[in-house]
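Next come two complexes built around chain A: one with chain B, the other with chain C.
And then the complex of A and B:
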């Protein structure tokens, strides 16, 4: 859906390229996260996809078409764009802000209004309540939801998101992340998402692109990167709790020893996990109940057990 | 110098009002020309590619403001002679700066993230200017036009010295004949005109100002 081929960009008066020979592709319906410290070129890469920046070398292909051959404004109307500063137009109401791209595309009035109302509801806002307000009358979290609604307005197949949840407090951020992941289940956009927060990257991403000083360091699924970091830089980026993060991404059923009876010494009825729950939850349950083992259930049926030893062995094996 | 109430009332009610339309035109024509020059110039000088020329052009406008209007008329005397035309020219040059300066300041004050988001949504540069930058700049641009308008109302008095007519005729007559009654009568109308024009432009500005900026 989005393919970058040896993209290079050097800003005037810069000593090194901001982006240096970066190639990767994003599959349809996936969330691809560009992650790295500031100055790694992640935002520049994102802006080259919708031609807010022009690469010095290499090609960007969207849906098989080279963006260089497309009109920049027309291209941008087909790509949703969310930025950390949000950039709502202060002189337009929330409703008018969300209606921006459909207006540019000259949709009929009635259709725009209907779509705007639907979208505001979709991002968890009360259309009748906030629709007529101006951006400065909203909270940071509300504004960011409007930013997402505006980007989704013309139903673009692709979304570019530059630290979209970076400006809100941690509690609101987690809620916005969860809501966005739920929204993505229904809208199934192809998303390029920039963040410097590795935890956000692991949580939100189907596919991670790790960057350092304009160069691509490693790509892969969150679990692939956690279990096989390419070098010390990736290792340090992942943090000291890499093992715990792996357990957060591992389903209990993948480590359990299958059984169909409740063995002796397995902690009681209140202490059980479902097969699809992460091992991290199993661990938490075991600690809470001071148990060495826990039952793994599929619905109302016991299907396996998971021991402290199983988990330890697994972490040691995968994280070397 | 004694003050004769009869002469004053006669000047105020009979003689001076006749100069009002003339003086008004001496303000409106230069002001309109100045807006037509300064607004596009200000817009152009905030566009990428022309921004680097901003300092030089503004230096020219600044110079226009520092040269006394009479000196401008003197400079252009060999080409334009005396009378209405040179007076309008001098007043126009004098009115350029506040409008151009405020246009540039207003457009530069539009937050980058707003402009950036507008571009990112797929607005063309022209749409960004007309739908985002200019509406947000209205209050500051209007205040520049007001400054120029008030400035021109008082400076236009000097037009009478070069045969450009206007309220200056009665004021300078008062100076020449030692008649403070004439000076006062003319000045009252100058003051009223300045206040009125200022309110008029404010009103126009209010209609152009986006709702979220009103009442602040």
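And then the complex of A and C:
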């Protein structure tokens, strides 16, 4: 869907390139996260996809077409764009803000209105209540939702998001992340997402691109990167709780020992996890119930057991 | 002090001067707005050019008005009268107007412009749908300063043959008639206040309620 081929960009007066020979591709319907410390070139890469910046070398292909050959404005109207500062137009109402791209595309009025109302509801806002308000009358979290709704307005297949949840407090951020992941289940956009927060990257991403000083360091799924970090830089980026993070991404069924009978010594009915729940939850249950092992269930049926030792061995093996 | 008495004794004259004064100011305002707001928009896209134009405006602004009136009067084809008066006052209006447009456009939040570009707006759409509407409060501040300024300087045009309220002040000075001077000054001030008030109403109509919080309207809702 999006393919970057050896793109390079040096800003005027800069000593080293902001982006240096970076190549990766994003599959359709995936969330690709560009992550790295500030100044690693992640925002610049994002902005080269919709031609807000032009690369000095290399190509960007969207849907097989080189963006260089497309009209920048027309290209951008087919790509949703969300930024940390949100950038809502302060002189327009929320409704008018969301309607911006459909207006540029000259949709009929009735259709624009209908779409705007649907979108506000979709991002969890009350269309009748906030539609006629102005941006300064909204809270940070509400504005960020409007930003997402605006980017989705013309139903673009691709979304570019630059630290979209960076400006809100941690509690609202978690809620926005969860809601966005749920939304993505239905809209299935191809998303490029920039963040400096590795936890956000692991939580949101199907695919991670780790960058350092304009160079690509490692790519892979969150679990691949957690279990096989390429170098010390990635290791330090992941933090000291890499093992716990791995357990958060590992399903209980993948570590359990299969069984169809309830073994002895298992605690009562409260002490069970479902096969698809992360091992972290199983661990939490064990600690709460002071148990050494736990039953793994698929619906109402027991399918296996998971012990403290299984988990310890696993963490030791993958992150040791 | 009996300036109301002076006005009542000379109603026809004061009325004539007042009408002349207002018509001169309004004419100047129409020309200035059309000319300098367009110019401001054109140069605002170019940082260096806008700096140069504002610099030029500031220099012109520093020339004493009486000498500027006098100088243009001597230019062939201009001479005494309305044409010269309008020309000089339009030149004076350049600095506050061009400056307020350029500053207004420049003060627009970069993130908003960036979001506009990112959504596929073309440069002209960004100018007229984002930058101009957002610059209105600053532009109107400039327009209101200009109105008051022009109304005041217009009194000087009496020296090149304008029959306006400046004449009351000028003749009051030569005759040592305080009432006459005050009568002229008070009416000029009232005109300035009135025009400023009208501009304020228009500003309220044109500026989006979404921008009002910036000029101290308080965040509602």
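Please note the rule applied: the second predicted complex is superposed on the first by the 320 of 320 C-alpha atoms of A that agree within 3 Å, B and C clash if a C-alpha of one lies under 4 Å from a C-alpha of the other, contacts with A are read in each partner's own complex, and residues count from 1 in each chain.
Simple rule for what comes next: a residue touches a chain if its C-beta (ideal position, glycine included) is under 8 Å from a C-beta of that chain, and two chains touch if they have at least 3 such contacts.
This is a predicted model, so every value here is computed, not measured.
If you put the two complexes together on chain A, you find that chain B and chain C bump into each other. Shared-chain residue A:104: touches chain B and chain C both.
After overlaying the two complexes on the shared chain, residue contacts for A:254 are found with neither chain B nor chain C.
By the document's definition of touching, both partners, chain B and chain C, reach A:88. In the superposition on chain A, contact of A:73 is made with both chain B and chain C. Overlap of the chain B and chain C interfaces on chain A: residues 50, 52, 73-77, 81, 83, 85-92, 100-101, 104, 134-136, 150.
Considering their complex, residues 50, 52, 73-78, 81, 83, 85-92, 100-101, 104, 134-136, 150 of chain A touch chain B. Note for the complex: chain B touches chain A at residues 111, 113-124, 127, 132, 135-136, 210-213. The touching residues of chain A, counted against chain C in their complex, run 50, 52, 72-77, 81, 83, 85-93, 100-101, 104, 133-137, 150-151, 160.
Contact residues on chain C toward chain A in their complex (touch as defined above): 109, 111-122, 125, 129-130, 133-134, 207-211, 213-214, 219-221.
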